[in-house]
Amino acid sequence: MQSIIDEIARDMMAIENKGEVASYIPQLAKVDPNQFAISVALTNGEVYQAGCADTLFSIQSISKVFTLTLALGKLGDNIWHRVGREPSGDPFNSIVQLEHEHGKPRNPFINAGAITIADLIMQGHAPKEVLAEILHFIRYVADDDSIAIDEKVAHSELKTGARNASLAHFMASFGHFENPVEKVLGTYFHHCSIAMNTTNLAKAGLFLANNGVNPVTGYTVVSAQRAKRINALMLMCGHYDGSGEFAFRVGLPGKSGVGGGILAVAPGKASIGVWSPGLDKIGNSKLGTMALELLANKTGWSIFGKESC
Amino acid sequence: MQSIIDEIARDMMAIENKGEVASYIPQLAKVDPNQFAISVALTNGEVYQAGCADTLFSIQSISKVFTLTLALGKLGDNIWHRVGREPSGDPFNSIVQLEHEHGKPRNPFINAGAITIADLIMQGHAPKEVLAEILHFIRYVADDDSIAIDEKVAHSELKTGARNASLAHFMASFGHFENPVEKVLGTYFHHCSIAMNTTNLAKAGLFLANNGVNPVTGYTVVSAQRAKRINALMLMCGHYDGSGEFAFRVGLPGKSGVGGGILAVAPGKASIGVWSPGLDKIGNSKLGTMALELLANKTGWSIFGKESC
Amino acid sequence: MQSIIDEIARDMMAIENKGEVASYIPQLAKVDPNQFAISVALTNGEVYQAGCADTLFSIQSISKVFTLTLALGKLGDNIWHRVGREPSGDPFNSIVQLEHEHGKPRNPFINAGAITIADLIMQGHAPKEVLAEILHFIRYVADDDSIAIDEKVAHSELKTGARNASLAHFMASFGHFENPVEKVLGTYFHHCSIAMNTTNLAKAGLFLANNGVNPVTGYTVVSAQRAKRINALMLMCGHYDGSGEFAFRVGLPGKSGVGGGILAVAPGKASIGVWSPGLDKIGNSKLGTMALELLANKTGWSIFGKESC
Amino acid sequence: MQSIIDEIARDMMAIENKGEVASYIPQLAKVDPNQFAISVALTNGEVYQAGCADTLFSIQSISKVFTLTLALGKLGDNIWHRVGREPSGDPFNSIVQLEHEHGKPRNPFINAGAITIADLIMQGHAPKEVLAEILHFIRYVADDDSIAIDEKVAHSELKTGARNASLAHFMASFGHFENPVEKVLGTYFHHCSIAMNTTNLAKAGLFLANNGVNPVTGYTVVSAQRAKRINALMLMCGHYDGSGEFAFRVGLPGKSGVGGGILAVAPGKASIGVWSPGLDKIGNSKLGTMALELLANKTGWSIFGKESC
């Protein structure tokens, strides 16, 4: 495994065009695109890493996997009254679909869906308390108490978050929100600003690769059925309007963030964190996706069958 | 396995509300909804069946799996210039998306995409010749020379196919079609009218469960990589706007048809054909989906992890 | 003229189903639907009125005619870089069109367009100052210094204005806003809450019927060309998605508000204010529209030709 | 009047960029863009003309004014069950709106609406008979028996009419059509291919300027109310998604065609035919629109008030 990921990291660093760093969040636009990291946590407890696997980055939308898991833990399948389970299908239609579907977002991984999940988790509590709970949960699943919010990124998002504010007010116009729009947005922007490294990420996703149980700590995070279903949602909706492409090329459940990170899950085998800040046109890490495609081919971990050798 | 599917068949027949038979194709509206069949073909060559597994039904959109496979064989990855690989995301937007995306359908399994595949396969040949080729291919992968087109259904579709005619002319208005619209539609309507039973279907899908090779006949139908990718497309787009739900509940690549059939693939393990003509609101077989959910739970075949027992 | 409008007022009060009062703004929902008023100000300076023409009501969207006029005075044709001049065509697509057209609203009379006009007028000033200027302008064109904002309605709107907040943040996400979203919304909600009676309204619209000059005060409000063009915009876009119907039935430029008022202009002849709080399905005053249709028929004022008698 | 239009014709011919000739209908693409004609028929019977007013051109969508008039004569207000009276609001959404509004086109002047009108007029008759009736009607209102269909253009349209075929089949999929789709399309393509000169056009529109009565022949074509309403529809919807712009600049009811012709009506005063084959981006005659703007300014004929001089 170590030699596989060392080779992948070497191949990735050799690629000249590493994609474009996300520009609309000022703090993210400053990140050096010339970085790559990969960490693989096996269900047997072994962890392998290559590249700058200790460098912290903004997990952004990857945080949605953890808030979804938390919401399911608190409210169970009741959350599905507020958010759907289908891919959204169009880069441009988040708000169009919201209009046709009366303010119910298509899935928990598009922005409107994750904002809804934030509203569901809050249950009348202050953003500060809720963020403490989210952080506590992520530290627990990742088994690392140093994980924290990057306040500079959070502040940077708040100032440029007009589109998300529009989505939130739009949903609120259907009477769906239980908490004030501003507080929900504050919670959302902050949990997207959590900083982790790829090894944190790989460890944090291990329960999804191991039927809901973290094999290292022994904690049962969710039931086996729920782990399976979160994986299904990640595969279907985890890469925005590039989810089909990711399934086609990589064949693993995964969730990307505009900070350049991807969490991928090989059920029964491993949880993988990759990071490279350059994005493709859809907004997914360019090298991260390529690295996962190589890894899936070399290991035969695709959930859709083995590659011929 | 036999006892598992016998139990499933019993459970299914005991359910009172078996869904609504598709009404917009007159010939399909006549089918008795009170029927259920399941066939499981293992990659070791064993075949199990329960219910009316010898009854022929109209495979409808399931035929799109085979025309896609055929098109890939003839034209390789060139087909992706004409058709995408992403879920469509909206029950109502087939033509809306076509407009925004300049006549390029989202994937090969929505109607517009499958009509495009028909145009690609034709290459200037007459519908009769092309249909002979499609039939030949399906007989070959299913290892059954008796498979044929139900002409009554084909005729019934032609008369009510205004929406598909609209989609085809719409795409043609972008200059994309290589063959006359009427001939492409004729080809499309006829290959949707192929009749099979669940055992035919299970056998015909075996190559997708076995890295591209039919384990019984030994024929290499496609490469292992291509089998994997067709499975990915089936998972992402195989159940219209219910694909997310099917992945969430069943967790297997599958393709449904409005005739009530579903072909599902458990990579490395089995190919499954189910049939029950009653549909849910999205247009997928109601009992077929439930049966596959039970089967995946009982066997642990979900590609997203095992159910706890 | 007096006998014509007396008869119209009688006919209107005799109609049982007077439509539904707007329910989404709590303060407006309290208004008694059983009211009707009409005032006709001729370009020769004569004013006729019938029904409760002294009763104040919330002019709501009718205020957009005055803010548009004000914006044209301050910025001239530069405003057309920020807002279009075409009907929007769909009750449901305000935000859909905004998305396709990159945050540029279709015209100044849909909500997004009027919010944009508010942003243009503000030019960095505080809402209080801007509202004083708007009020000053309306008092000037109506020649009545008692016209004021109904603070209860303004407060009621602010609390329920989630949809407008969504539109404003959405446009802001394209970088179009010069002033903070909250301040623009405050300005917009307040100018919609101006209270007037039908005689105020008829007088305030006289400059549009008289080539830009108020014939009573002698003030030149706008150029003749500009008056003509504002009338054209009112005809094309003044009644939301019922603009075609209003042109078809009434044949006069007009602007309605959800408070039940309508300002109509018969170029060269008269300015008319009508009010009845019950609305049709589109959101235009039911009796107000009927009264204007009768008036246009009886006077032959339609801009599209005379009715046969 | 003669000196006014002579000056306009001179000004127009001096403009270098005369717009782009419609390219999607091969036969129209061959027309020399360097042509301009204007004819003004006054309600007192006088006719003035300048430029190449005897040159025949393809009236295209202008024919929709006459088929609408014919349909109203045959079926009265029943036609409004099949077609709406609102502007469509978006160049790209003809089929999107059709989807949301269940196959009922927004108005009789967009293609889907005019195809619906063709279906309504046919009443089971053969295209040949219906076309004879349409031609007869246009010859009657224009008082010129030489008006005919340009068969080359009709043939050219039939071959390139995929988008219109798509619209027609789409509407048919809602079960709205009374006649076979192919026959309705044949009728539609042929009546769009009628050839007229600007003087024909000006005379043919006179009844709309004169309360429904042709002042020359004395024929009552429609009632005064109906003439008024057709004018309203022309103003609201006569220039596709440039209708607002045309009302804003010209201020007269008008209907354009992609052949470069425009019929405009000054109620009570005149009917005007202009032609110049170069189009603006929306698809309306560039010089034709400019000429009408000049004419409206010089004559004060705008229905929205007089220009200051």
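Going in written order, the chains are labelled A, B, C and D, and every chain counts its residues from 1.
We adopt the following convention: a contact is a pair of C-beta atoms (placed from the backbone, for glycine too) under 8 Å apart; a residue touches a chain by one contact, two chains touch by 3 or more.
Just so you know, these numbers come straight off a predicted model, no measurement behind them.
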Can you list every chain in contact with both chain B and chain C?
-> A, D
Most remote chain, CA-based centroid, reference being chain D | A
Intercentroid distance (Cα basis), chain C paired with chain A, Å | 48
Go ahead and note the Å separation of the Cα centroids belonging to chain A and chain D.
-> 55
Where the CA atoms of chain A average out and where those of chain B average out, how many Å apart are those spots?
-> 32
Send over the residues of chain D in touch with two or more other chains.
-> 92-93, 100
Pairwise, the chains that touch are A-B, A-C, B-D, C-D
So in the complex, which bits of chain C are touching chain D?
-> 84-90, 92-93, 97, 100, 106-107, 208-209, 211-212, 223-225, 227-229, 231-233, 235-237, 241-245, 247-248, 251, 253, 267-268, 302-308
Okay, in this complex, where on chain B does chain D touch?
-> 92, 95-96, 99-100, 162-163, 165-170, 172-173, 181
